[in-house]
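Several structures are given next for inspection.
After this come two complexes, each holding subunit A, first together with subunit B and then together with subunit C.
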Partner chain A sequence: MKRVLGNKQNRKTISLLLITVVLAVIIGSFNPDKFFTAQNFQSMTRQLAEIGIYALAMFVIVVSGGLNLSIVAVANLAAICGGSVMQGLILGDVIVSPLARLLVGLLVAVVIGVLSGVLNGYFVAGLGLTAVLVTSATSQLFQGLALVITKGNAIVGAPEAISALGTHNLLGIPYLLLLALGCYIVAEFVFEKTAFGAQCRLLGANATANQYSGNSNYKTLMKSYMLSGFFSAIGGIVSYSRMCALRSDYGNSLTSTAMLVVLMGGAWVVAGGGKVMNIFISLFCIQIISSGLTLSGTSNFTRNTIWGALLIAILLAATPAIQQRLSRLKGLARRRAPNKGNAA
Partner chain B sequence: MKKMLSLALALCMILAMVSCGQKDDTPNDPNAGQPSQGTQDQDQNKPQKKLTVATVVKAIGSNWFDSMDWEGTKWAEENGADHHYIGPTSMDSAAQLQCLEDAIALQPDVLTVVPIAADACDALLAQARSQGTKVVTHEGTGLTNIDFNVDAFSNEGFGINFADKCNELIGADATYACVVGTLTTPAHMAWSKAFFAHANANYPNMTCANDLDGGEIVPLEGGANSDTSYTMAKQFLQAHPELDVFYVCSSSCVAGVCRAIEELGLGESVKVLAVGTASGQKTYYESGTIVYGAMWYPGAAQYACYEVGKRLIEGKTISTGDDLGFEGYHSITVDGTNIYGNAWLDITLDNLAEMCEVL
Partner chain C sequence: MRKRAKINDMTIRVVLFLLILTVFAIIEPAVLSATNVCSMINDSIFNGIAALGMMTVMITGAFDLSSMSISMLSAFLTLKFYNIIGYEGDFITMFLIAGTFGALIAMINGFISQKFSLSGFVVSIGTNLIFGSVFFIFLRSSYIKTDAMPQTLLKVRTTAILSLQSSGGTAANLNIGIVVLVLTAAALWLFLNKTQLGRGIYALGGDKVAVERVGYDPMTITLIAYAVFGACVAIAGIYFYSNAGTFEPGMIADKGSDVIASAIFGGCNMKEGKGSVGGILAGVAIITVIKSNLILLGVPVYYVTFTVGAMILLGVLFSTLSEQRLQRNRGR
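Moving on to the complex of A and B:
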């Protein structure tokens, strides 16, 4: 038990968990009749599954020291191409069976996601351009492509399996949450158990060191952008399943929410750090604030303000100067505590 | 060990939430399964049970939609209900969908939605109805999973009126372009299409500068705010110098389009037919860029939506000629799931001051 609490990373996970539980209790108490219901649990987890997968796509890049602003655009493009195949709008004459259409559509979406990752990766790793610039440019490119394909209209409708994914539950747990959980398990495995995960972290912490350790920065970056593209594509399918419609301009607000989650999970605070588990917990945290406040009748402006305040608090807490002061305070408190005990 | 512990904690939390919920879930299920019994129950419980009503708008923070909060609150006070006003801070369909999820989780008795992307809301509204919520939309013509859609007037008549005004104020040989908020806003699309169809049929010399898609008009997308519509209008004016008039369907785009026209020094030759608040566009009426405008009071529509929802819960039917108790909705027209009032307000330079008082 001591070992568990002693480990710095674990302490962070546990404090995040505590914050989440405390938040759930406090915010839930504003409107307990509505907050602590299966209805709300399902609604919240469906929302956080969507944000969560986008957050993963962001996290993969953030760990290696970059930033991916194109996740939502990639997701929309992938979903539009995949969805068009599923509905038989593209290749409808060749692939007739609905199951084949579904599978090919999924494959198309994933391939487009990965290919977009290759493009991003080539610019960032191959040409050495800044990740933020590259991804915001490719974001425009992908959104433009999607706009051309859809002509600005929404493509309405979805196969049964997709709409079921977005709305149905398995034993009271939404399928979307299970899907997100699956993605997080994959990410946990990649970043905790594989050499690639370790290389990503090392690259994020110190790119030169990674290079001199005999790892190729190019390969590592390329792979991480491809993985990010993969998760973006899954995010696109999730968004599709929730809306049962395909739009080129869907979800512009999701990028910033995804960044918020990743930041809360701690990926930015420690370069090359950040645990998948922490991100998963901070998802709940953010969603509880969001849904809880809405249920208690507070406006979304308040929610944004609280999110902002939370972010600043986390950033401050992670600043070395503040951390030093905090630890000094702790030291003082520790030194004083025994004295007081004696006096009493 | 360490991972086990944190996983176990996380699982505990999730299970706790689920188990908390299951209790509430069981009594709700029979209601959802047998709607007829459900309404009976509600009728019996009516004296004790306080109604919960919720409205999800496109974006909060503007007078246009906030008026739905004012009148919604008024309705709630009159009927002893609990009113929730929910919406994203910027007009984004993903953000609105999340708001809608939260609103449905409130399990309201009546839910009003002003959809940004109608098709996207439809799937969620099916869930709302399956839990027994009465769904009454505003500006949501064409949605399928709703009880009723309340609009201030017939969309077709509104578009036709603008085409007539275009003929009257600009000329029978005008070159026009329609601007909508987004191509997925059903009301905007309906007005543009009615404008286009009426102009084609009755004013053969009018020219449409919009793209056409197989004989159907594809209006310009002005986007969610005046900045995007400003850029759009400026680009469009450069590409189409022959343009005489913009028909702007989205209140949030009018200011941007007018600013683009005036900055390019085209205030004399290019005019605007506007939909939206008088007070927000006052300067452009005064400068003469907007020659004619029309609007409705969204608050009134909100009041009517809640009233429709309440009557449905009480098991009453809604039919043509009913009085929903608000100016403009004293004698409604029912057409399928669409309800129209007579709540149309003309704005010209002459009655500008009066209309600014309204909104």
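Moving on to the complex of A and C:
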């Protein structure tokens, strides 16, 4: 037990868990009959799954020291291409059976996600340009491409399997939550157990060191952008299953929520740091705040301000200057405590 | 030798600009008509001023996502300020007041990132959300109608420094805003290249440790760079909203991607602290030529985003590859 608590990484996980539970109790107590219901849990976790997968797509890039602003655009493009195949709008004459359409549609979505990653990776790793600039330009490209395919309209309707994914539960747990959990387990495996994960962290912490230890920065970056594209495509399918409609400009604000989740998970604070586990917990934390705000009916302006303030607060709390002050406070509290005990 | 390399980088952009313009003019001769040339120049004003500000921050090695919120917020505060003192406004004080607001707001970003040695980019994600919304929480409406705007500011749209009457009867007006762009560019060029502080901004992007050793105070330099950035973006913002005639927070949001695109085309590179006024102006020219002419060329509206995105990436690919080739030749 002492070893578990003593580990600094574990302490962070435990404090995140505590924050989440406390938040849930506080926010739930404002609206107990609405908040603590199975229905609210299910709708919350469905939303959470969507943000969570986008956050994962962001995390993959943030770990290696970059940033991906194109995840939502890629997700929409992948979902639009995949969805068009599923509904027979593209290749409808060749693939007739619904099952085949579904499978080919999923494949198309994933392939498009990975290809978009190759494009991003080529510009960032191959040409050595800054990730923020490149991904904001490719975001425009992908959104534009989606606009061309849909001609500016929404494509309404989804095959049964997809809409079931977005609405049905397994033993009271939404399928989407299970899907997100699966993605997090894959990410946990990749970043904790494989050589690629270690290379990503090393690249984020020190690119020169990664190059000198015999790894190719180009290959590592390329792979991480492909993985990010893959997760984005899955995020797109999740959005599709929730909305049962496809739009080129859906969910643009999700990018900053995803960044908030990744930041809270600690990926930005330490270069190459951040645990998948912590991100999964902070996801719940953010979702609880978000649901609480929705239940109390606050405006978009208030919500954005709270997100922004939270982001800055998390950033500042992790800086050495503030950390020192915090630990000094803790030290004072500890020194005072035994005195009190003696007096009693 | 260095001087020659600089000319070459610049030449690539000018050649690219002329190439695009020529291709467009061959497809549709109306591209070079007086009306269209004037409207292209008018389109470039907002983008140009904002991109110059963006460049100043990028030279220091940071990047700021909150440019459009700062722009919107300082324009809003300026308009409210005029409303409160009951003044109809004039062209000179509006830029000065907006510029001051913008500089002060942007310095918050600079201060936080420098004081706690955080990445300016991550800080700006948070402040972007705050600046964009905090003042509207307590207001009943975030919208200012045309009647409620300071009336003199609305004249920005119609005031021209040059007006050509073409044979077809349509007038080609060169908007007064171009004067602001030229003045901003000239002032910024002088500041960055001829003053000690300006050289310090370049130095900060090159090597943070060296800057301190030479005797500059990194905090001062960062704050000044952010102030210049805020002032430029705010001037662009008040120009945009006066020109539009109404105020609504969301109007300006999708302009941000053009500013970033111009900075990319202009050869800004945060990694090495590179960027020049000339490069940015060339980048703005390229983006404007592409963006304003697509409709004239008969491209359907829903193709515009895609085409602009594709051209940005192709342009960046082209200029980066040719720059790399230049460097390799020099190395030999």
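By our rule, the second predicted complex is superposed on the first by the 319 of 344 C-alpha atoms of A that agree within 3 Å, B and C clash if a C-alpha of one lies under 4 Å from a C-alpha of the other, contacts with A are read in each partner's own complex, and residues count from 1 in each chain.
We take it that a residue touches a chain if its C-beta (ideal position, glycine included) is under 8 Å from a C-beta of that chain, and two chains touch if they have at least 3 such contacts.
Since the structure is predicted, the reported quantities are computational estimates derived from the model, not experimental observations.
Contact with subunit C, but none with subunit B, is seen for A:311 once the two complexes are overlaid on the shared chain. Once the two complexes are laid over each other on the shared chain, residue contacts for A:283 go to neither subunit B nor subunit C.
Of the two partner chains, neither subunit B nor subunit C is touched by A:108. In the overlay built on the shared chain, the residue A:151 is in contact with subunit B and with subunit C.
Using the contact criterion defined above for the overlaid structures, shared-chain residue A:234 touches neither subunit B nor subunit C, since it reaches no partner.
When both complexes are overlaid on chain A, the residue A:256 reaches subunit C alone and has no touch with subunit B. Counting the residues of subunit A that each partner touches, subunit B and subunit C differ, and the larger count belongs to B. In the superposition on chain A, A:301 makes contact with both subunit B and subunit C. Once the two complexes are overlaid on the shared chain, A:180 sits clear of subunit B and of subunit C alike.
Legend: residue contacts after superposition of the two complexes on their common chain; A:39 is shown touching subunit B, with no touch to subunit C.
On subunit A, the patch touched by subunit B and the patch touched by subunit C overlap at residues 151-152, 299-301, 304. Across the interface of their complex, subunit A is touched by residues 1-3, 5-6, 9-10, 13, 17-18, 20-22, 24-25, 28, 60-61, 84-90, 92-95, 97-99, 101-107, 117, 119-120, 122-124, 126-127, 131, 182-184, 213, 218, 221 of subunit B. Looking at the complex, you find that subunit A touches subunit C at residues 67, 123, 127-130, 132-134, 136-145, 147-148, 151-152, 256, 259, 263, 268, 299-305, 307-312, 315-316, 319, 321-322. In the complex of the two chains, the subunit A residues touching subunit B come out as 3-4, 7, 10, 13-14, 17, 20-21, 24, 33-34, 36-44, 46-47, 151-154, 156, 163, 166-167, 172-173, 239, 242-245, 247, 249-254, 277, 280-281, 284, 290-291, 294-295, 297, 299-301, 304. Interface of subunit C with subunit A (complex): residues 63, 65, 112, 115-119, 121-123, 125-134, 136-137, 142, 257, 260-261, 263-264, 269-271, 301-310, 312-313, 316-317, 320-321, 324.
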